[in-house]
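The first chain written gets the first letter, and so on, giving A, B, C and D; residue counts start at 1 in each chain.
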Amino acid sequence: MAAGRHRIPDRPRGVRRRPRPESEQDMSTSHGVTFGDDSVGTRADQLRRTLGRRTEGRGVALLAVVLVVVVILEPLVFSAYPVTLSRIALVGLVALGLTVVILMGELDLSVASTAVLAGVVMAQTDNIAVGVLLALLVGVAVGLVNAFFVIKVGINSFIATLGMLFVLRGLAIVVSNSEPIPLENISFAISFGLPIVGPLTPRIVIFILVFLVLHLFLTRVRAGREFYAVGGNRQAARDAGIPVDRRLVTGFVVCSVIAAGAGAINTLERTAADPTSGSTVLLASFAAAIIGGVALTGGRGSILGTLIGAISLGTLEVGLTLTGVQVDIQQIFIGGVLLLAVMTDPASLRAASFSLRTSLRGLRGRSTDREPTPSHDATAP
Amino acid sequence: MNQLTQSPVAAAPPAAAQVEPVGRSATGTALLWAAERGIVVFTAALILASVVFVDGFASAVNIADVFHRAAPIGIVAVGMTFVVISGNYLDLSVVAQVATSAVILIGVSNSVSIPVAIALAFAVSVAYGLVNGVAVGYFKANAVIVTLSTTFVGLGLLRWLSGGSIYFGPADGPIESFGDIKLGVVPVSAIVLVLVAIVLGFLLSRTNFGFAVRSFGSNKESTRLSGVNTPLVVVGAFMITAFAATIAGFVLAAYSNTAVSSMSDGYDFGALAAIIIGGTSVFGGRGSVLRTVLGVIFVSVLTNVLVLSGADFGWQQVAIGSLIVLAVSVDALARKVSRT
Amino acid sequence: MSDELSSAVGAVVIEAVSITKRFGGAVAVDDVSVSVRTGEIYALVGENGAGKSTLMRILAGVLEPTEGSVLVDGSPIESGTRAALDAGIALVHQELSLVPEMTVAENIMLGTFPTRGGTISRKEMRRYAGAALQEIGVSIDLDEPVSRLSVSLRQFIEIARAVARKPRVLILDEPTATLTPAETDYLLQMLKRLARAGLAIVYISHRLPEIFSTCDRVTVLRDGRHVDTMDIADTTPDALVDKMVGSELKRVHQTARESSPGDVVLSARGITAPRVHGIDLDVRAGEIVGLGGLVGAGRSEFVRAMLGVDLRTGGDVTVLVDGRRRRIGSYQAAVRHGIAFVPEERRQDGLALTMSVSDNIALPNRGTIGRGGVTSAAKQQAFAGPLVDTVGLRPPDVKRDVGDYSGGNQQKVVIAKWLGLRPRVIVLDEPTRGVDVGAKAEIHRLVQELADEGTAVLVISSDLPELLELSDVIHVIRDGRIAGTLARDGADERSVMSLAAGESMVTSS
Amino acid sequence: ACGTDSSSASDGDKNVYALLPQGTDQPYGTEYLKAMNAEAEKEGISLTITNSQYDADKQASDCQVAVAAQPDLIILWPAVADTVRPCLERARAADIPVTITNSDVKEEDKSLTAGYSGPDTYGQGVSSAEIMCELADGQDINILQVEGLTGNTTAIDRKAGFEDTIAENCPNVTIVASQPGDWNKDDSQTVTSEMLTATGADNIQGIYAADDTMVAGAIDALSSQGLDVEEMLITSIGNTMLGNPLVVSGLLDGTVFQSSEWDGRNAITLAAKVLAGEELDGDLFMPSVKVTAANASDPEVAPNW
C-alpha cells in the first residue's frame, strides 16, 4: 500500500507542474525560506555537519582515552582480546536491548531481574534446548506484561518496570527456593563457555550478531527507524499513522527477550542458575547506553553508541583488574571516569560555560552610572 | 497539604511532545479524587486489615518494629523526593551517603568525639550534594549516571579510607542510648523521620525553593525564563537529599549501634519504590513529602505483615513489586475513565 | 485513489455529519456538520477554543468523535489516522508535529518510509521528499535534522509532508501563524494552485485578510457550535468577526496612541551572538518599540542574547533603575531589575503545562507572594485571581492546568505572569501568534496600557498590521543587523517589507 | 597496598591471582585481606586481588582475565560454589594450579583443585547446632533461626548444617520460624523482633543466628522486648569482636570460632606450599572451636574481626 503511494512519477500526480514564475522564485529565496542545499559548502564543511549529527561523540572520546591508557598500562588487554571481548559482551548484551526501549522514550528497569528469572526457569528442566526456549519465553512474557501496563493501563514504564524489577527478582527466589540450581547437562554448559568461532565464545558471537541485527533493524528497517519517531515525538508519530502501540510492544519484547537471552547465556556459562546474580547488570547497562550518547528522553542515540559505551566500560574493567590496583581504588577510578565522561560532553561543557560566563558578568559591574550613548542609526549606507 | 489534590502520575511521558489537555466529567473527577488519595486509602485499608487479621500486629512491640523498618529508608526517601520531583529520576548515591554517614558517626566518635563525627558527616554530605548538584544542574549531566558515578567513588573512598571493617559503639554509649530512646511505643528513629518530614514537607510545599523545585520538574525552560536560578535549584535538591541521607545514616547506626559500609544496600531503589507508591511523579512536577511518608509506611507495614505471617523473602519482593504497579494502575485507570 | 481527482470538480469529497466531541464534561464540538468540495478552499474560523482544531482532528482520524460520523464520497471511513490517510485526508497540525532528531526527508516521509526488499530505501525517500518540497517550491537540505531549522521552515516541511501523501483533502490548521507576510502570500499562492488542481482544502486562520483573499467559503464556529456557513463573496470581515465573538466587538482601530516617551530605560549596545551581528537599541519609558523582519532574521536571537537568555558573545545592556543605570549580566539580573520576557515558543518555554494557572503566574512573583520565602497554594491563587481577570482568561479558573486551555488563553497566562511584577521593561516575541481576534485585541490593549503606565515595551512581530498598530518606532532586522528604523508615521507595510527583504533602502528618522 | 606489590614485583616473586567475592565491603573480608596481604609479603608472593561482590558472572570473567594473565597460581574463593567448574577447567587447561579458600567447591570439582583451606562452613552449622542440642538438654523447645544473606553460599551451607544436625541429634528442638538477617545487625534485630511477635515471645526458648553480628541484633531485640536474655538458649557462629564479649557476659550461650585472620593467612600458606611443590596432607581445615562461657577468654579464641 505504502509502496503504491510512493510509486509517484517525478511529476507528482494531481497537480499541474508549471515552471514557477520569477516572483515566486525570488519569493522563496529572498525570504530566507531557502537555505540548506545551496548553502552546502565544502567537503570538510559537509563532513563537519554529518559528524555534528552523530550522537556517539562522547562515547568515542571516552573510548579513545581508555584505549590509550590501557594500551600503555596493560597491553595484555589486547593480546588477550577474547577475554576482553567476553567481558564487553557480559556488560553490553543487555544494554543493546535496553537501548531499543530507551530510544522509544521508555525505560526498562526490569532487565536484570528478567535475566535472573529466565536463568532460574531455564534450570528447571534437564533439556538445555527446552530450557533456553523457556528462558526466551519468559522474556517474551515479561516484555508483553511491561508493554501491557505501559500501553493499555497507561502507567509510565519507569514505574511499571520498577515494579517488575521487584516482582521478577522475587519470583526467581521463590522458584529457586533461593538456592543456586546446577544444570544437569554440565558438560554441554562447560563447552558453551569455550570458543566456537576462532577464539570467540558463543557469548561473543551472539553479542556481535545481536548488535548487527539491531543496528540494521534501527537504521535500515522501517519499523525500526520508526522507533525514533515514537521516542522523538510520539504525537507526531501517531498523527503520521505509525502504529505506535505495536512499535512499543515490539520494543519491550525485544528488550526483555535479549535480557532473558543474556540470562540463559550466563546460566550456561556458570553451569548453574543463581537467583542472586545480576546485581550489577542494570546500572552497567544504563551506563553503557548513556555513555554511548543515548538520551533517556528518547529519540536520540544509536545502537552503535551503546556498543562503544560497552567497549569502553568492559576494556576499562579488564585493564584495571590486570593492573592489580586495590579494588576500592579501581571503583573510585571507574566512577571518576564515568563522571568525567558525562561532564565533558560538549553539550555539558557549553551549559557549564554559559552559566559560568553569565554569573561572572553578573559579578563584575553590578551597577554603573553612565548615560547611554545615543543610538547611531544602523541603517546601511 | 495541597499536593494531595495533585495527580500521582506523570501527565505525559517525556517523549510526548504535546501535552493533551484534559477535560473532566463529574464521575471522572470523583474517581480521580479517590485515586489521587489512593495511597491514603490503601494504607488505611492495609493497616485496618492487618489489625484485624494479623494477630500481634497491633502490639506495642510490633508497632515499634514497623517504625524501625520505616524510619531510616523513610528519611532517605523524604529527601530523595526533592530529586525525583525536580525531574531527575533518582539519586543512586544515597546508598553510599547513608553508609558513609553511619561509618563516620561511629568510627570517628570512637576515635575522636561525637560532635566532630557529626560535623564531618555533614561536611561529607555537602560534598555529595555539591558534586551531584553541580554535575546535574550546571553541567546538565544525566542524573542517573552522575549519581551512579558518585556511588562508585563514594563507596570506594569510604572503604579505602575506613578499611571498611565493622564499627560498633561502646555498649550503652551515648549513641546506643540515643538509639534506644522511645516515646511510648515510638522509637526515636521514627520521631526523627517525622521531624525531617515536617521540615522538608514545609520546604517543598510552602517555600519558594520547594515551589521552584516542583516547577522545574514540570518545565525546566519556563522555570528558567521566570527568572529562577535553575542550576542552583538542582544543587539544592541534591543537597537536601544528601542531608536527609546523612541523618538516615545516624539513625541507622544508632539503632544497631554498629556501622558497616554495606548496611544501606538497596536503599536507592527501595526509597524510590516508596516515593512512587506514594504517588510522586517520576517525571517531575507533582508529588509531596506526605505522599512519600505514606508510601514508606505502606511498604513497611506490608513487609512487616508478610514477615509476621512467615512469608519468605521472595514473596515479600513479589508483593512490593505488585504493589508499585497496582497503586499506580488504579490512578491511571481512573484517569482513563475520567477522560471519556 | 487520486485518479478520480480530475473528475467531478465541485462534488463533495468529505463530509462531517453532526459531529459531537466531549472531553470528559467539556463539550469541544457540539453537533457540527460541514462538507467540503473538490477544488475549493474552505475556511474555518472561530475564537480560541471554538473547536476548530478538534473538529479537524476528528476529520483526520486523530480523535474519535463522541457522536456523528465522517463520510468520504458518501461512505463512512473507519477511525484511525491510517484509515484517514488512506482515504486521502492529510492534516497539517496547529502544533508542529515533527520529530526533531530526524532529517527533513524522514520527517516528510514519516509513517510511509519507502522500502526496498524490506529495508528503507534512502534514495527513494530523498526522491519523494525532494519532489514534495519542489511541489511547494521550497528547497532545504534533505539530510538536515529539523531541530536545526527555523520555525517557519518546519512549517513548510509539515506542509510538504501533507502534500507528499497525495491527498484529496488537505487540512491546514493555522499554517501561517509562524510565517511572515511574504511567506504567507507564498503559501496562499500555493494553496490556490493546489485547489485549481482539484484538491479540497480546509484552511484555518485567525487572520481574516488571508481568508478573504484566498477562500471560497467560510464556516464560523463558536463554543463548539456551528454558527454559519457563507460564501466569502457574501460577507465582510466585520460581519465575520461579529459571528465569531457573538456580539458587537468594540474594535480598536489605528488609535494613534498619544505616547510621550520618557528617559531611555532599556539600552543595548553592540549586542552580538550567533546570527546577531552588533545591534544597538534603546527603549524609552512608555514607548513601544517594534522589531520587524523576516522569520530567521535573528530577532528572537537578538532579544534572547540581549536579555541573557542565550549566551551573549558581545555587547552590553543596561536598564534604568530608580535613576541609576544597572548593567544586565545575566537573565536573572534582568528579571531582578524588572525586565519581563514573553518567549516565542509559548508551550515549550513560556508555561509549565502540567501545573495550574496560579502556579505558573506565581513563579516569577515568588518574591512578592508571602514573605520570607514562605508561600502557599492559597496565597498564590489569591495573587493570581486579579491578574487572570486583568488579562481576561476564559474560563478564569486559576486551579486548572494551563495545558487544558487553548492557545490564546495560554498566551494570556504568560503575560499575566509578568504583570504582577509591574515590569519596567517588557519584551514580547510574537505575542499574538495563533491567537484569535478577540484575544488579540485584548493583548494589544494590555500592551498599550502597560506602555501608558510607563513601561518600556519591545515587541517582535511577524504580523505587520499588528506591528504597525502597536509600535511607536520600528527597527527592521535583517541578517542580525538593524537594516533600518521607521517612525510610526513613516512606516507602512511596504517600507517595512522592503527593508526586511533588503530590496531597497527606505530610511526615515 | 597489594596493588603496588604486584607492579613492583621483583622477578623472584611468584604472581598469584586471588579471586574473592568480598573484600573491604565486608568486615570479614577486610580482616581476611589484611592477613592475606601480610602473609603474601612474608612468602614473597605478589598478589592481584579481585572482588566480584558475590556476582558469579563477574567472578567467572575475573577468572578468565586471571588465566589470561598466566599467573603461577590462582586462589579462588567461590562466589557461588556451583558455578566455578568452568573457571577450574580453564585454569587446568592453562595448567595454572588453583587453590580454594573459605568455602570449598563441590565434591566432583575437587579433583580440579590443588587443595582447600578454610572453615568447614557446613560443619560450623553442625557445631552451632550441637551446642544448641546440649543446651536444650532433651526438653521440647521452640527456636527461631536468623539466616544469612538470601542465596549466599555460606548462608546456605550453615543453614543446612544447622538444620540437618538439629533434625538428627535433637528432634526435641523445633525451628518454628526463620527469616534472613542479611548479615546485618539492624535487619536481624527487626526480623527477630517480628518473628517473636508472630510466634508469641513466650513460645520461644531459643535463637540461632548464622553469625555473631546478627545474633547481637537478635539479643537487642530480646532485651528491647523486655525478655530475659539469660533464659534464652542462644547460639551462633563467628566469635567476633562483637560476639565474644556477649559470650563472656553470658548473653550468648555459644558460638563457633571463625577466624578471618586464620582464613586469609592459610590461603597464602596453602598457595605457597603448592607453589613450592610440597606434598599436601589433605585440606587445611580451620578448627571449628566451639566457644562458650567456659573458654571464651582463652587466648587461642581471641576474636580478630
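Definition applied: a residue touches a chain if its C-beta (ideal position, glycine included) is under 8 Å from a C-beta of that chain, and two chains touch if they have at least 3 such contacts.
According to UniProt, the chain labels map to these proteins: A = Branched-chain amino acid ABC transporter, permease protein; B = Autoinducer 2 import system permease protein LsrD; C = ABC transporter, ATP-binding protein.
No experiment lies behind these values; they were computed from the predicted model shown.
Q: Identify the chain whose mean C-alpha position lies nearest to the mean of all protein C-alpha atoms shown.
A: Going by the distance between chain centres and the overall C-alpha centre, it is A.
Q: Consider the two chain pairs A-B and B-D; indicate the one with the greater count of contacting C-beta pairs.
A: Taking the two pairs in turn, the one with more contacts turns out to be A-B.
Q: Could you tell me the distance, in whole angstrom, between the mean C-alpha positions of chain B and chain D?
A: Centres of chain B and chain D (C-alpha means) sit 34 Å apart.
Q: Approximately how many whole Å separate the CA-defined centres of chain A and chain B?
A: Those two chain centres are 28 Å apart.
Q: Taking each chain's centre as the mean position of its Cα atoms, how many Å separate chain A from chain D?
A: 40
Q: So how far apart, in whole Å, are chain B and chain C when each is placed at the average of its C-alpha atoms?
A: Distance between chain centres, rounded to whole Å: 42 Å.
Q: What residues in chain B touch two or more of the other chains?
A: Those would be 10, 17-18, 155, 159-160, 164, 312-313.
Q: So which stretches of chain A touch two or more other chains?
A: Expected reply: 173, 178, 232-233, 235-236, 299, 326, 328-329.
Q: Which positions in chain D are in touch with at least two other chains?
A: Residues 23-24, 150 of chain D touch two or more partner chains.
Q: Could you list each pair of chains that touch, in label order?
A: A-B, A-C, A-D, B-C, B-D
Q: Spell out the part of chain B that touches chain D in their complex, as residue ranges.
A: 56-57, 59, 61-62, 64-65, 68-69, 155, 159-160, 163-166, 168, 171, 180, 252, 255-258, 260-263, 304, 307-310, 312-313
Q: Which bits of chain B are touching chain C when the two form their complex?
A: So the residues of chain B touching chain C come out as 2, 10-12, 17-26, 28, 205-209, 211-212, 214-215, 218-219, 221-229, 285-286, 338-340.
Q: Along chain C, where are the residues that touch chain B in the complex?
A: 22-26, 28, 95, 97, 309, 331-332, 334-336, 341, 343, 347-355, 359-360, 362-364, 366-367, 370, 373-378, 401, 403-405, 417
Q: For chain A, which residues are in contact with chain C within the complex?
A: Contact set of chain A toward chain C: 1-3, 5-6, 8, 10, 12-17, 20, 24, 27-28, 30-40, 49-50, 53, 216, 220-222, 225-226, 228-229, 232-233, 235-243, 299-300, 354, 357-373, 375-380.
Q: Which residues of chain A touch chain B in the complex?
A: These residues of chain A touch chain B: 104-106, 109, 149, 153-160, 162-174, 178, 230-236, 283, 286-287, 290-291, 296-299, 326, 328-332, 334-336, 338-339, 341-343, 345, 347-349, 351-352, 355-356.
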